[in-house]
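Shared between the two complexes below is chain A, which pairs with chain B and chain C, respectively.
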Partner chain A sequence: MNVINFEFKKYVGSLWFWIISLWSILVMFMAMYPVLARDAALVDLVLQHYPEELLRAFGMSGGLSLATVAGFFAFVFAFVQLCLAIQSAYYGFQFLSVEERELTADFLYSKPVSRSRLLLYKYVAAMAALLITNIGLIMGTFLSIEWFRGSMVYDVGVVISLLLSVPLFQLFFFSAGFLATALSKKITSVIGPAVGLAFVLYAISALQRIVGGALLALVSPYNHFDPNYILQRGDWNMPLVTLSLVFIVAANVVAYFMFMRRDLHAAV
Partner chain B sequence: MNVLEVDRLTKYYGKVRGVENLSFALEKGEIFGFIGPNGAGKTTTIRAILGLVFPTRGGARIFGEDCISQGHNIRRRIGYLPSEVFYYDQMKVMDLLLYSASFYGKDCRRRIHELSEAMELDLGRRIEELSYGNKKKVGIVQGLLHEPDLLLLDEPTSGLDPLMQRRFFELVLEENKRGATVFFSSHILSEVQHMCMRVGIMKDGNLIKIENIETMRQDNYKRVSLRTKGVATANLRLDGVTNLLQENHTVKFFYKGNIDSLLAALAALDLVDAVIEDPSLEEIFMHYYGPVTP
Partner chain C sequence: MNIVRRELWAHAKLLLYWSLSMSAFVWMMFFEFAAYYKNPEMVQLIEAMPAEMLAAFGMQYANLTTVSGYLSVTVPFLNLALGIYALLLGNNIIAKEERDKTAGFLMTLPVTRPKVVSCKLIAAVISCIILLAVVVGSILVFTLPYEVESEFPRFLLLVTASTFVFKLIFLSVGMLMAAATRRYKLSGGLGVGVIFALYLASVLTGLSESLAFLKYITPFSYFAAPQLLQALGFAPVFLVVSAVIIVSSLVGTYLMYGRRDLYV
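Moving on, here comes the complex of A and B:
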């Protein structure tokens, strides 16, 4: 428990940053919703004149009207996902590599705890941080919707279904960071790769929405957990979610075994 | 019973050689010096023993248990001081030491205070505010606070001033008297000679010799450099002089033998200056493996 407590404390400062960022995105975008809801017919008419590719790229052509709560929230949630992806990938790249980068590995790994147990403790601390982010997101989601929806109604169930997909979405990016760390000889920077991974996969999903293609949809978790899909149907795109699950399991298994045999190099 | 048994330990980093086919054992209660120049493989050996790096072949047993599969149990009884010390910069020294102590499941507060007083370490300061020497003191306290049975010290005196080096040696000797076995890596021959009972000499990843320190003392060469008033002449009638070099007013040679005999011989000369010192490690290696040149 000493390690979990110690590791979790490292996240406390950044957690506030991420949760406030998420709340800011939610409030900032949802604040625009009353205007759209008031002139729903006009908004739909305007959007009809936009190029279809542009609407697809920003997830605004999923069949849901932007004037509905669910339709507008699907649009907003794409930005929430981007923020969650950066945070999760950052934690994935960071949670083990920090000890090697800041040269504290000698201290920690020479203690009487097995490497697998240390990995578990650090993993649990990171998961706790992601879970708390999630709780913040759930609160922010419903508060911002209730604050700005006015008289518009929405199906709480489909929003819950979308929010329930978030832990898997986070785990995808966290696992990708973990795997990259375990496969790399040295991780010199964390935020760069984390932002890069989040944006590249976002760009791939945007491209897939424009040009289509079932194969391209396999690549990006933004497609696997497409907010438009979930909010429109109320359930997940199971084949793609399964693919994410397979990646998560495989990445963690490979990263675990790589890390268990990893040489921790001296400072000089 | 042997506390540490290293058996054909080999470690390669890719194609780069770390150590090769290393075998030696430490008896309970001994202070073993591990000496060699930078890159000889001293640190790699210690890191492999601790399970920080994984042997390519061979391995080590500590307290009779395998150092990789049972590493977590073994490390409970090991105190480790790395040559370069890095800790969590934002922490206060006391918090770091208590965190370190929390891994051993016993109350180490009394020992932390004793050791900190001995090393004159301020427990209230943040790690990031400490000089390198003070960080090294933190390393010493965290390595000793749980009263380990085996001390692995990797170049422990680097960064410490002479007074603190002395205090540190006193602490190590106290631990040894208590029963701790000490494995002490260094590139400074004199401190190894001062502290250790046996010494292993490393070169290019190989253990080239294990010597009893008493034997080594008897066999020990001194490098002698003399400056004479007149033109130097080789009129030293002394056994044990080798590699004699004379140039104008200077005479240089290696001497092996009774130091009183040397001093008596020097007293008969008309000298301006005389320096008698330990040969460098490199010269000792050359003594073992090649021609010696003062």
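Moving on, here comes the complex of A and C:
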């Protein structure tokens, strides 16, 4: 329990920063909804006269209209996911590697607690931090929607379905960081790989939203948990979510065994 | 020269990972292009469109059935990734001495601090050029199966040049942040926040006329690829803005790094 407490306290400081960032994104974008929805409704009116193929040829097809609450929120949520991905990947790359980088590994791992126990405690503390972020996100989501939606209506059920996908999304990036830590000899920089991973996968998914295509969608978890898909249909894209799940399980299992037999880099 | 070589080797592995993932990205990008290239249904519809309407469409949106048009849509996303690389590299190349506790060693060598910054800058620019060459090379290779338009070579050249300037902006800003902040952890976080905010700003510019002024703030909008394809040239104002940002960040880096207390 001491380890969990100690670890969790280290997260508290940065948690505020992440939750406030998420709230700022939500509020800033949703505040623009009333104005943009009017513009978007006009654009929709014009575009509906064009055939679907033509719109596709110009990369304007598909998805929900930005004029609806759900459509606009799907647009906003892509940036929320980017922020969540950076945070989760950061925690994933950080939570084990920090001990070796800051030369506290020999202190910690010489305690009369088994390595698997320590890993479990650290894992639980990180999960708690991600869960709290999640709670903050849920609050921010509904507050910002209710605040700015005006007289527009939306389906609460599908938004909840989207929010329920967030833990898996976080776990994907966290596990990627965990796996990378376990596989590499030494993680020197945490922010670099975390941000690189989050942004490159984001760039792939953002391109996929314009040009479509199955291969791009397979690669990026942002597409596995595509807010547009979930808000439009109310359920998850099961084949792609399964792919994410398989990755999460495999990454954790491999990382666990690799970490158990790891040579720890110690001071001196 | 020793420092330049050392810095290049220190970042070689990172560069390798980025080169591999960026070429994979370009490959996937053109893999999906097959669905668009000369797609008969789409081409028929486009040809049936009145010329004025096509022009109006083309101002805002790119024609995905042509190689140049498709590339112009994908460039912003390649740039996003390359910009991140440049910013992180600029940040890391300065901050790593303190993080890895090698600053004490480096600074006892008989070289001045401006010289150290210059060597690091040269190494970083070389890395940026290599990664850019890999990306442009992959584009050339993966467009081989397709028949390109007459304006494609010039457009690709413009994209290459603009992406290079774009990377220099982020590289210099990244170096400035690392030189200006004492704590390397802070400078990394700051860099991410800045790039995230700039990216959001560039998305907002496209949403509404009233937000269009943001395009002067965010480098992501300086060399918008659809406009490059339209005009086949740069907007001078953005070249000037870019030069101002790059020069002032570099001057700031030299000044601040020269007089700062190093954490050893």
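The criterion applied here is as follows: the second predicted complex is superposed on the first by the 242 of 268 C-alpha atoms of A that agree within 3 Å, B and C clash if a C-alpha of one lies under 4 Å from a C-alpha of the other, contacts with A are read in each partner's own complex, and residues count from 1 in each chain.
Just so it is clear, a contact is a pair of C-beta atoms (placed from the backbone, for glycine too) under 8 Å apart; a residue touches a chain by one contact, two chains touch by 3 or more.
A quick note: this is a predicted structure, and the numbers were derived from the prediction, not measured.
Asks: Regarding the shared-chain residue A:Ala105, is it in contact with chain B (first), chain C (second), both, or neither?
Replies: Once the two structures are laid over each other on A, A:Ala105 reaches chain B alone.
Asks: Touching A:Val113, do we find chain B (first), chain C (second), both, or neither?
Replies: first
Asks: Thinking of the overlay built on chain A, is A:Leu243 touched by chain B (first), by chain C (second), by both, or by neither?
Replies: neither
Asks: On chain A, which partner touches more residues: chain B or chain C?
Replies: Here the partner covering more residues of chain A is C.
Asks: Go through the superposed model and pick first if A:Met32 touches only chain B, second if only chain C, both, or neither.
Replies: A:Met32: touches chain C, not chain B.
Asks: Taking the superposition on A as described, I'd like to know which of chain B and chain C A:Ala129 touches: first, second, both or neither.
Replies: neither
Asks: Between chain B (first) and chain C (second), which does A:Ala74 come into contact with in this model arrangement: first, second, both, or neither?
Replies: Touch partners of A:Ala74: none, neither chain B nor chain C.
Asks: After lining up the shared chain so the two structures overlap, which partner does A:Glu53 touch, if you call chain B first and chain C second: first, second, both or neither?
Replies: second
Asks: Going by the contact rule at the top, pick out the chain C residues touching chain A in the complex.
Replies: By the definition above, chain C touches chain A via 14, 18, 21, 25, 28-29, 31-33, 35-36, 39, 41-43, 45-46, 49, 57, 61-65, 70, 73-74, 77-78, 80-81, 84-85, 88, 92, 96, 99-100, 185, 188-189, 191-193, 195-196, 200, 203-204, 207-208, 210.
Asks: If you look only at chain B, which of its residues touch chain A in the complex?
Replies: Within the complex, chain B contacts chain A at residues 13, 43, 47, 50-54, 71-76, 78, 80, 82-84, 86-89, 99-100, 102-104, 142.
Asks: How about chain A: which of its residues touch chain B in the complex?
Replies: Per the touch definition, chain A meets chain B at residues 2, 6, 102-107, 109-115, 117, 261, 263-268.
Asks: Quick check on the complex: what are the chain A residues that touch chain C?
Replies: It is residues 21, 25, 32, 35-36, 39, 51, 53-54, 56-60, 79, 82-83, 86, 188-189, 191-192, 195-196, 199-200, 202-204, 206-208, 210-213, 215-216, 219 of chain A that touch chain C.
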